[in-house]
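Worksheet: one structure, shown below.
All chains are identified by letter, namely A, B and C, in their written order; residue positions are counted from 1 within each chain.
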Amino acid sequence: MDAFVIFFTRYLPAFADGFLITAGVAALAAPAALIWAIVLIIPRLAQWTWASRLVDAYVEVMRNSPLLVQMYLLYFGLPLLGLFWSSIVCGVIAIASQHGAFLSEILRSGIQSLSQRQWEAGSAIGMRRFAVIRLVILPQAFIKVLPALGNQLIVLVKDTSLVSAIGVMDLTLTGKMTIERSGASFEAFIAVAFFYLILTSTLGLVLRIIEVRAARRYG
Amino acid sequence: MFPVLQSNLPYLLQGAVYTVILSAIVVSCGTALGVGIGVLASVGGAILRSIITAYIFLFRGVPVLVIMFLGFYSFPALGLRLDAYTAVAISMIVYVGAFVAEATRGAIAGVPTGQTEAAKSLGMRKGKMMREIVLPQAMRLVIAPVLNISLMAIKQTSYASIVGAWELSFAAREVVERTLAAFQIFLGVMLIYFIICYPLSLAARALDKRLAFDS
Amino acid sequence: MNQAAAPISQSDDIVAIRGLRKSYSTLEVLKGIDISVKRGEVVVILGPSGSGKSTMLRCVNFLENFDQGTITVEGRPVGYKMVNGTRRPVSEVDNASLRQHVGMVFQSYNLFPHRTVLQNVMMGPVKVKGMDNSKARDIAMKLLAKVGMEHKADAYPGRLSGGQQQRVAIARALAMEPSVMLFDEVTSALDPELVGEVLKVMRELAEEGMTMIVVTHEMGFARGVADRVVFMDGGVVVEQGPPEEIMTNPQTDRFRGFLSRHLSHEG
């Protein structure tokens, strides 16, 4: 017990820093991924055939290859193009581009599951296509897929740990360094796990509240 | 057209073999472990159930990379000398097990109560009801989620390279460090992963639609 | 099982419900029900929705626990027994063995979707009684013929109409050779044109002397087949008696109102 206390008081500042970096990366990547996801479904909604096919191909590649390799591609590739972006920026872009693809799939399935009747109801009262999409389709699709979106965002938070592989001093890398310095692998793991669980379960809780609210308002 | 990729392809494919083997071990053992735990969670007592809930909560809430580090550093701390592969494989099996256990538990809970009531009404006892009525139906419901979890796990085997296990991603980094041809190599490697994952991905989607019982 | 040691009831009641009470938290659903059913008797339970008919029926094979009162099936206590003056739940084994004698048919059929029609009917004899396959198959085929479903023996339930599924469900329950059959609104989920084929099977069963408790809204069935009609409302038995008596000459306003609403629907 004492060993635990000593360990935590000694390394707490480092873990707090790591926690802030992880939370920061997540706070940048999550909105970016959501915006990217919405951009990605526009071609389909607008029925731009070629652009939709391109998006489909992009989504398939993202879904079927590891985020780590995508991150390496940016981190080691961009400098060859003369772009010397920081590892945090590369990490955020990589996370947003993979999770944006996953999120857009989720949004798309939500839109598809809405019945044709919604469209017809919208057009019957004389709304233009984009108005129907904005006022009728998107809000309903959004509510329907909230649980799936939420799960994906939690996966996103966990995936921020990959920025440690390109040298960002996040929670995971802090944990690794601490183990190497102190040899206290269990203590470090407990500390790291604790901070990640705070992030993922707080996010889970907030999402659950939003779900309940949304269901009450529109359900 | 891609000279660096071409000349290094045999080396990368060797890495891919390691990736496939690691994936196969992790997916098969993780699924078996997870299904077992999911069933236990559905038949066991309150204490067992809360232990399993804690396990699922912990392992689903923490990045797999962190679990890998735990495995990599803590087995030696316990006096066990394991190579990086074994440490990674064990960590990932336990990790995948948590996801499969949750899916299994959900699938079992998803079998309609009418089914268990009908079985009870025939005079069937709990164990037999699980084997004859609930599990066969739950296993159908669990196939699609397990395929998706497997897909996730295959991609995550690439993180093994971070803790020092040599496989496709590790090989890719070695080649890039030597040749600096980041685009050729990493895009090529993404394509190799794609070839491994895409069939599973298609199967998952097809099953998602097909496996529900007509009612 | 150990029939000789089981307490023998005074009468030849197959099912005896005494002072049955049950609440869902604060809502009292059954407020002291007494119903007994003799061998070969067909009792039809009528009553508005929410009056506790399903709950009562489900208590008889202990799919539902209850707070007070006793139920016996062939003299064997259901769910609870008295040990040194206190009421104790019986074991899971005892519940299971009791349920072998009580056939139940549900509104939603509840056939096992992963098994064929024949396998559904064989399930009880083979998996519960441990009967060998060929003997169980003979019994199952006979029962399927009886409900007019032998031509679909190898089909999966998902391919059948509601009426066909319900007839298979009846055969599945009969395969256990129960002493009493419970039917809970078994035609309510069916399209109108399919109701007749299921009622016909039930009528034939009644004629063969099967003991039955039938919850239904089919007034014609009650009038034509029931030996006794029980009218429930608000968790109590309001009236009971032979259908020709109480359905033509109801004694209470509640039953009269119920009848007029339902008979006008039929006409």
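Basically, a contact is a pair of C-beta atoms (placed from the backbone, for glycine too) under 8 Å apart; a residue touches a chain by one contact, two chains touch by 3 or more.
To keep track of the chains, here are their UniProt names: A = Cysteine ABC transporter permease; B = Amino acid ABC transporter permease; C = Polar amino acid transport system ATP-binding protein.
This is a predicted model, so every value here is computed, not measured.
S.K.: Indicate, using Cα centroids, the chain positioned nearest the centre of all protein chains shown.
M.R.: B
S.K.: Determine which two chains are connected by the greatest number of contacting C-beta pairs.
M.R.: Result: the chain pair A-B has the most contacts.
S.K.: Whole-Å distance, subunit A centre to subunit C centre, using C-alpha means?
M.R.: 53
S.K.: Taking the mean of the CA coordinates per chain, how far is subunit A from subunit B in Å?
M.R.: Chain centres of subunit A and subunit B, defined by C-alpha means, are spaced 20 Å apart.
S.K.: Centre to centre, by mean C-alpha position, how many angstrom separate subunit B and subunit C?
M.R.: Here subunit B and subunit C have centroids separated by 46 Å.
S.K.: Any chance you could list the residues of subunit B touching two or more other chains?
M.R.: none
S.K.: Enumerate the contact residues on subunit C facing subunit B in the complex.
M.R.: So the residues of subunit C in touch with subunit B come to 61, 63, 92-93, 95-104, 106, 108, 110-114, 123-124, 127-128, 158-159, 169, 172-173, 176.
S.K.: Taking the complex as given, what residues does subunit B use to touch subunit A?
M.R.: Spelled out, the residues of subunit B in touch with subunit A are 57-58, 61-66, 69-70, 73-74, 77, 151, 155-156, 158-159, 161-162, 169, 172-173, 176, 180, 182-183, 186-187, 189-191, 193-194, 197-198, 201.
S.K.: For the complex, which residues does subunit B have touching subunit C?
M.R.: Against subunit C, the touching part of subunit B is residues 112, 114-115, 117-126, 128, 132-133, 136-137, 140, 213-215.
S.K.: Along subunit A, where are the residues that touch subunit B in the complex?
M.R.: It comes out as residues 60-61, 63-70, 72-73, 76-77, 80, 154, 158-162, 164-165, 172, 175-176, 179, 183, 185-186, 189, 192-193, 196-197, 200-201.
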